[in-house]
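Have a look at this one before I ask anything.
Going in written order, the chains are labelled A, B and C, and every chain counts its residues from 1.
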Amino acid sequence: MPLVRFDLIKGRSPDQLAKLLDHAHRALVESFRIPESDRYQVVTEHEPIHVVALDTGLGFQRTKDLVVVQVVSRPRSMMEKTAFYSSLAKALEDKCGVSPSDLIISVVENTDADWSFGKGEAQFLTGSLAGVKNEDAIEGPHFGARQHRG
Amino acid sequence: MPLVRFDLIKGRSPDQLAKLLDHAHRALVESFRIPESDRYQVVTEHEPIHVVALDTGLGFQRTKDLVVVQVVSRPRSMMEKTAFYSSLAKALEDKCGVSPSDLIISVVENTDADWSFGKGEAQFLTGSLAGVKNEDAIEGPHFGARQHRG
Amino acid sequence: MPLVRFDLIKGRSPDQLAKLLDHAHRALVESFRIPESDRYQVVTEHEPIHVVALDTGLGFQRTKDLVVVQVVSRPRSMMEKTAFYSSLAKALEDKCGVSPSDLIISVVENTDADWSFGKGEAQFLTGSLAGVKNEDAIEGPHFGARQHRG
């Protein structure tokens, strides 16, 4: 369910992009304990002049590899969020060569009533998604069916 | 006031797009009972590789007609939200040929102080919008002035 | 820390765009009392048919200069927000020739745990950003280091 927006600078190949999205999703699945198929990602690739990212005085050097991630999700614990941040930074560095200094993440929370995944129904309210509670997901059937594209 | 983002896969004609936006707005007007002129829509059309939408195990088949809708609005009741979801799904299917399985909706709420519609004023705070409360809107003068482009 | 999205109609030169972003950031720095380097801006330039902005009956005439601004921020007071709206409208009119009728702003709030500015850390939680509290920022060292591109 999290809806995840990626704002990037143009320049990645389709393969590089697919890999980045795959690893970003895996970090989310593991940190938020959601089903593998709970994947909703939207990417926009920008001209360099369309993205300005300084560092709030933290001493980060930003490059053209910059990854700005915006997550909209039902409420998550502080632990889930910080696990996601570190896990995403590590994954993008290890698997995609993105420096941890190039990763900016912002989360916005909403509620069960704020989602419809199809057919005009609010699946968190109707009970259709009763089987994919956070605590169940990691051991659930969806997890085993994890798919890879990269 | 709701600000509505549409993330689509490239491929619609300008006419198809205008029609989709018109019907999406009509669903919002009727479900949230807002004035017809309370219309703020931003569309981004993406390459297919820029949007990944699985189904959270719900069994939906997504196609290139996929419509991802993100609504930012002052608080809405559960009833208003679910009315919007079903009304939008029906409108897009009946009028635009979009399968209800291709519609993903996410809502984020904010407050009266979080909006300025022009001139640098917060119109919900200044009283400029006192006449467009939800409960009045549907019978109000704006409703009769509904405009159509499609 | 605010992450600010700008949705514009295509047509501005790179210089005009850079100037708009600079002045928008200055308005934010002064209104929210954030450090100058607390700058995170993402722009998307759209075809005219991709943006529909009416006026909620307020009598505004929108033009191709339209600026839709979406701010995600930690909680801000009503006074900070309204100061930002009027300051941004004035800046864009005085410095960029954008009519105040062409400025639409929407704010969404989140919390300290919802931000990571780099290295996969949640800097508002770890204390790395203890020095950039709002009340300190305007007199802080970052302010003097303000940079200009336009």
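In this section, a contact is a pair of C-beta atoms (placed from the backbone, for glycine too) under 8 Å apart; a residue touches a chain by one contact, two chains touch by 3 or more.
Given the structure is predicted, the values throughout are model-derived calculations rather than measurements.
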| item | value |
| --- | --- |
| Rotation in the CA alignment of chain B with chain C, degrees, nearest 5 | 120 |
| Chain copies touching (chain A, chain C) - same or different residues, decided at half shared | different |
| Computed distance of Cα centres, chain C from chain A, in Å | 24 |
| Where chain C touches two or more other chains at once, by residue number | 44, 108 |
| Interfacial residue positions of chain B with respect to chain C in the complex | 1, 3, 14, 17-18, 21, 25, 35-45, 72, 108, 110, 113-123, 125, 128-129, 131-132, 142 |
| Chain B-touching residues of chain C, taken from the complex the two chains share | 7, 44, 46, 49-58, 60, 68, 70, 78, 81-82, 85-90, 100-109 |
